[in-house]
Amino acid sequence: MKTLKNSVLLTLAGLALTPGYAHAENVLNSGDTAWMLTSTALVLFMTIPGLSLFYAGMVRSKNVLSVLMQCFAITALMSVLWTIFVYTLSFTDGGELNPWIGGLENLFLLGIGVDSIKGTIPTTVFVIFQMTFAIITPALIVGAFAERMKFSSMLVFLTLWITIVYAPVCHWAWGGGWMGAKGVLDFAGGTVVHVNAGIAGLVCALVLGKRKGYPTMHMPPHNLPLTVMGAGMLWVGWFGFNAGSELAADGTAGMAMAVTQIATATAAIAWMFMEWMRHGKPSALGIVTGAVAGLVAITPASGYVGPIGSLAIGAAAGIICFLGATSLKRSMGYDDSLDAFGVHGIGGIVGSILTGVFAAKELGGKGFASGIETMGQQIMAQSLGVAATIVYCAVATFIILKIVGAIMGLRVDEEQETMGLDISLHDERGYSM
Amino acid sequence: MKWVIAIIKPFKQDDVREALMAVGVTGMTVSEVRGFGRQKGHTELYRGAEYQVDFLPKIKVEVAVNDAVLDQVIEAIRTSGATGKIGDGKLFVLNIEHAVRLRTGESGPGVL
Amino acid sequence: MKTLKNSVLLTLAGLALTPGYAHAENVLNSGDTAWMLTSTALVLFMTIPGLSLFYAGMVRSKNVLSVLMQCFAITALMSVLWTIFVYTLSFTDGGELNPWIGGLENLFLLGIGVDSIKGTIPTTVFVIFQMTFAIITPALIVGAFAERMKFSSMLVFLTLWITIVYAPVCHWAWGGGWMGAKGVLDFAGGTVVHVNAGIAGLVCALVLGKRKGYPTMHMPPHNLPLTVMGAGMLWVGWFGFNAGSELAADGTAGMAMAVTQIATATAAIAWMFMEWMRHGKPSALGIVTGAVAGLVAITPASGYVGPIGSLAIGAAAGIICFLGATSLKRSMGYDDSLDAFGVHGIGGIVGSILTGVFAAKELGGKGFASGIETMGQQIMAQSLGVAATIVYCAVATFIILKIVGAIMGLRVDEEQETMGLDISLHDERGYSM
Amino acid sequence: MKTLKNSVLLTLAGLALTPGYAHAENVLNSGDTAWMLTSTALVLFMTIPGLSLFYAGMVRSKNVLSVLMQCFAITALMSVLWTIFVYTLSFTDGGELNPWIGGLENLFLLGIGVDSIKGTIPTTVFVIFQMTFAIITPALIVGAFAERMKFSSMLVFLTLWITIVYAPVCHWAWGGGWMGAKGVLDFAGGTVVHVNAGIAGLVCALVLGKRKGYPTMHMPPHNLPLTVMGAGMLWVGWFGFNAGSELAADGTAGMAMAVTQIATATAAIAWMFMEWMRHGKPSALGIVTGAVAGLVAITPASGYVGPIGSLAIGAAAGIICFLGATSLKRSMGYDDSLDAFGVHGIGGIVGSILTGVFAAKELGGKGFASGIETMGQQIMAQSLGVAATIVYCAVATFIILKIVGAIMGLRVDEEQETMGLDISLHDERGYSM
Amino acid sequence: MKWVIAIIKPFKQDDVREALMAVGVTGMTVSEVRGFGRQKGHTELYRGAEYQVDFLPKIKVEVAVNDAVLDQVIEAIRTSGATGKIGDGKLFVLNIEHAVRLRTGESGPGVL
Amino acid sequence: MKWVIAIIKPFKQDDVREALMAVGVTGMTVSEVRGFGRQKGHTELYRGAEYQVDFLPKIKVEVAVNDAVLDQVIEAIRTSGATGKIGDGKLFVLNIEHAVRLRTGESGPGVL
């Protein structure tokens, strides 16, 4: 998402181009509002049903509902927490602490009314749009602990995580914190969403340990059509994620949508050919995973790069995430069940760094952050953003997991795992054909 | 009365059913099973995780027949179920000691 | 949906806030139009595929197509009927009869052209947006008679129902009829859509009788992933339903979307914890049903309440509908197969009444209807709206069913029911794996 | 899509109607942009997941992933090709060759920046919106060669096809070529998309030959709920296809959406009753196919006809495509597996011709193309457009197929076909329940 | 010990299980099968392509019983599984030569 | 020749297959079944409607073996299929009177 400073500049630029068109800050623009209402719907669509189907198809049929339920419960719980206190921690002024965390003035969204405006859209729309990001980020982590985490522990863990990890990182990048000030470019969530979720996922996979039987037992995805369907929904919904992060229906939103499409397509093709070369056949699970990798990688770059940059970022994402989700995972031996780290963590890192390259005007981009002059500086800034997110997220996630684990345990017991979480945790079965 | 169990290739199901009907069989029961044998399976690959799948989809045909027609039935299944390629399947004959038709309660050969 | 009078006022208010911005009545606004085109797509999306999947997953596999087909055929049939005569009955001036029913001036949509404007959007868009409401309302009733009603009888029954029940109730509330005039607040269809469909469903369940084997035979949902998927789609599409009912992309639309999200999430959580406490485990079917209950309950309130009100309405909906769909149904013994009444009827009543409470300015709402001064009066008005809908809908639905039943029968015969409606009515099977 | 000339005229007309509203050409309008961003998402949604599910449900379970993968790979590949050279061939000025094909000035989208404007929307949005059409057109052809074509050959075939067939036909109609100049009306792709894909499908079916066992072996659809779900998504997404083709959020877009809804519903009902009469029972697969036939047929007409015209076009499409996909196919004996020709080819022809009838002002339409005065002339123009597309597409497709076939073969071998394409080409299985 | 195979209508499964439990049977194994017999199937129609489906969904109940209770078991299945309509199904008795409980390794009649 | 039917726990399928291969068995047929026995089932709950599900998912392994290796086969299944917990399942041996390989038509012990 553009930082607010950028937003003003862009809008002024936009005004210059559109004489006679009342597109000023703090005046509601119905076109921008229409697009942001739509974008909000699109990003929610990414999680339910998109991501939840993408994930649900990959687990064994005895766990299909547990994954769907985790994503759905996260959606509901994060919405409530966001309303009560996470929004204000993320996006209001934190006073002295502002580089690190926001303040408390909008607890329970108090102070935000029908007529509150943020930029050119109602503040309520901004709040809900951002809420959908705070929903999907923890939902992405599900991919790492699927098929073995206790549902109750997951709720507690993620409540702490959204407060202690997401809110500050979000504030750093978009809410007026240090990361934005340092010129780290993160248009739609490369660090805030994907690196954050990917690293948290990796820590979860390591702390929870492998699923019983992994990797010797066969655990083929139980219903790949669900996964392909979910991937298609993610792709479509991601237009709201990236082009919506412009917070307006303008040229930057248009370019963000274009580069999203191009990078995603390129990554899908790249993954497909990698698999074809390495394993002799291209697969449906492969190509859709490649597309998701492309979506992830273009996310931080989407408002800053042009078509050429998006082809390059897409290709890089497809190839590197392919290696991450196949060779790296297998050689390291952790059980990141559905590749939350392999796709989102790695894709987020690749995309965040490459944003520093392809934002360059000469490469068709919009140019570097204000105050940054060379590609080297921008890449440094990007790396700093990534590194800070990795370190803070990894440490904090680890501590939270350990505490929750000590108090209530993290994993279901062996028998429950064998029986499947659907029956053992939820008393229901996915299919009764 | 004999209980004939035949494991066949799925796409042969209709041929076998017709061959059985041709020799006067009026009832049978089939189910989906997975078979392991000489016919080699296939590989599946999901994000780099390779599975060797040795079990292949097969159809199990079970048919109770009177002793008099047993040979005809065996021959019918054999000719209709074979393609000449590995994996065509097998046929086993077991003895039935007693048979009952639920609807009428009658028992013995008339049941079929 | 706001009544037209409100619409003018709000727009004027909007204009005051947005100097220099041409957002006047009867002048097309492209932003508002963009949002309403989108909203129309979103509300259609609620029925096909949303609601139809939500329902289809809950029936037995031998009836899966029958439910999908019912929803699809309703979509098509209601669209045609709406075009021919139901729109004009609902939304044009009925002259002397105007308090009760509209007129005939737009039969076959004659008189509505490319340049016709309603408020700030093309009249065609208003017509189609409202059409999607007239599609989903009868489709909701399917939940009550699923797995046993004759398809042909259903078509006849719902043709009569949309004419005799929906058109007038819609006119009462939104088309200039008595309900709007009395100050009954129904932003997006608490009475018109949900109470109406819920009560009609209850009458159907009572008149048609139980499914063979109910409640002793096991009838677990055959494919819950479909249901969870459908619930996600309903949630996303509902943004068009509620925020679209503002007919503009403005601050009220933004707030409507925000409170929709918050109430839904709260209801889902509330249902989940109720189930957890009462039965020892939370379930996926439970949490998604809770979300739908929240969506239903916030519907009438969505343009009138604030975040605090939405938390309260969501919590109430989750708890009360939980009791409705579990304890009440079981104790009364009717077979409302998929809880059309338990969720939509009860949720609609709860939401409509509570709109009278949380519309209060002190509780963060927009204030009461014009002419209404106290919360007590508003609650009385709301109760009147609900009661009138219940009584009229129940009586009329009962009579229609009895007549259709006498002429052509309502239920399939026993053998067809045992065999499943897919084979017996449609000569096809859902799955041939 | 309106031709650019029309676009200017319409916008000017719009301006006349909306005094004080800055909706001029080459000035970005945020409302129009919002709608076009949304439309782009909707049209992508038609292919993934919409069309791919619609098709996937109809094949046998052993081929489910192959169909999903074909659609997904087409989406990715066409996006990349469009970016690199197909867009510029389709939409830029071809100089002397302009009647037949565009030029090369926007290779790699060079020259298109954040500030480029086309009409009232960013050029990037126009590019991506049109890209989604270039995605779905080849994806439609999948229906004709499903369950037997080699994946690698398909990629090569469609790469050639999009270049040699799609790009020129698209340019003829919308990019400034001869068809637009002749006054052929094709609002959203009757000839460019549907006749084109349908004829290519027919040629594929004839050249590839029947599936092993067709038509004696039972090949029932393996998962009709997927098909019904996909049909619902197609319907919803088609609003972007048709109403988006106006490239603005205005009265014509509104009417395009309205007639789309009405024609689709009418065609669904028509097909349902045809089937009911002919076979004794209406089916779910039937009604959804009817809806798709209606969507196809109204496509070329959607910006030109009124409600009455849409009722007529819908009814004609439902009845004629019913005969095409049932009687005609069976009597001719080709194996158009999922009726790409029967629905899209025939529906496209019916719709394109009838556009010439119902565009008439007296029938509620917008009037004929500029320079055309009588219905007879318009019908002649429409027939010319259809005939040219049929002939060119058939010949070119045939040649491409023969060349690709000679070089690398078109069909999988018998054993692979028996085993199913999922295992034999992609090393994965759809379901492991 | 006998191996009793009963083919029954799906909606009779609970009745049969209860009847078996009533005569002291403590274990059984069921599976979904498709049956062909006197009971006629149905037609399916997809875009004009008509399929005659002759196989109907049935449940196969398999239960190992000691010889002493065989008659009771047969009677229990017969009365609980019959509706009196065509297609009620059939019951076949085969001989078991040997039985083992995997958990304990014990064999013979005590296994049941 | 004997027809060995073993009802085992699903996650034991690979172990049993390997144990069988280890004693020289080259073919077998498996299917998904639902078992009722001492092992208790579970409860399902849908919107307040509670179902007691007594049938548990099991795998049925069927393998035809020559008499000479029967004991080895039984032992292999027993040791590989047992976990020591209730519900491990059972094994039954029936007599095969006749066997045919469809592909070649040969019959008798050579079929296996």
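Going in written order, the chains are labelled A, B, C, D, E and F, and every chain counts its residues from 1.
Note that a contact is a pair of C-beta atoms (placed from the backbone, for glycine too) under 8 Å apart; a residue touches a chain by one contact, two chains touch by 3 or more.
For clarity, every value in this text was computed on a predicted model and none was experimentally measured.
A.B. asks: Kindly list the shared contact partners of chain C and chain F, in label order.
C.D. replies: In this structure, the chains that contact chain F and also chain C are A, E.
A.B. asks: Count the touching C-beta pairs: is C-E or C-D ahead?
C.D. replies: More contacting C-beta pairs are found at C-D.
A.B. asks: State, to the nearest whole Å, the distance from the C-alpha centre of chain B to the C-alpha centre of chain C.
C.D. replies: 52
A.B. asks: Averaging only over C-alpha atoms, locate the centres of chain B and chain D and give their separation in whole Å.
C.D. replies: 46
A.B. asks: Mind pulling the residue numbers of chain D that touch at least two other chains?
C.D. replies: Answer for chain D, listing residues that touch two or more other chains: 22, 29-32, 34-35, 38, 218, 220-221, 223, 249, 279, 281, 283, 285, 427-429, 431.
A.B. asks: At least two partner chains per residue is the criterion; list those residues in chain E.
C.D. replies: 31, 44-46, 94-95
A.B. asks: What is the complete set of touching chain pairs?
C.D. replies: All touching pairs, sorted by chain label, are A-B, A-C, A-D, A-F, B-D, B-E, B-F, C-D, C-E, C-F, D-E, E-F.
A.B. asks: Name, in rising order, each residue of chain B that touches chain D in their complex.
C.D. replies: Residues of chain B touching chain D: 11, 14, 42-46.
A.B. asks: Under the definition above, what is the set of chain B residues touching chain F in their complex?
C.D. replies: 2, 5-8, 31-38, 54-55, 58, 60, 74, 77-78, 81-95
A.B. asks: Name, in rising order, each residue of chain F that touches chain B in their complex.
C.D. replies: Per the touch definition, chain F meets chain B at residues 1, 3, 17, 26-31, 64, 94-103, 105, 111.
A.B. asks: Name, in rising order, each residue of chain C that touches chain D in their complex.
C.D. replies: So the residues of chain C touching chain D come out as 22, 24, 27-35, 37-38, 40-41, 44-45, 47-49, 52-53, 56, 64-66, 68-69, 72-73, 75-80, 83, 108-110, 112-117, 121-125, 127-128, 131, 151, 223, 226, 249, 422, 425-433.
A.B. asks: Per the contact definition, I'd like the list of chain C residues that touch chain A in the complex.
C.D. replies: 14, 17-23, 29-32, 34-35, 38, 42, 60-61, 220-225, 228-229, 231-233, 235-236, 239-240, 243, 248-255, 257-258, 261-262, 264-266, 268-269, 272, 279-285, 287-288, 291, 306-308, 311, 366, 431
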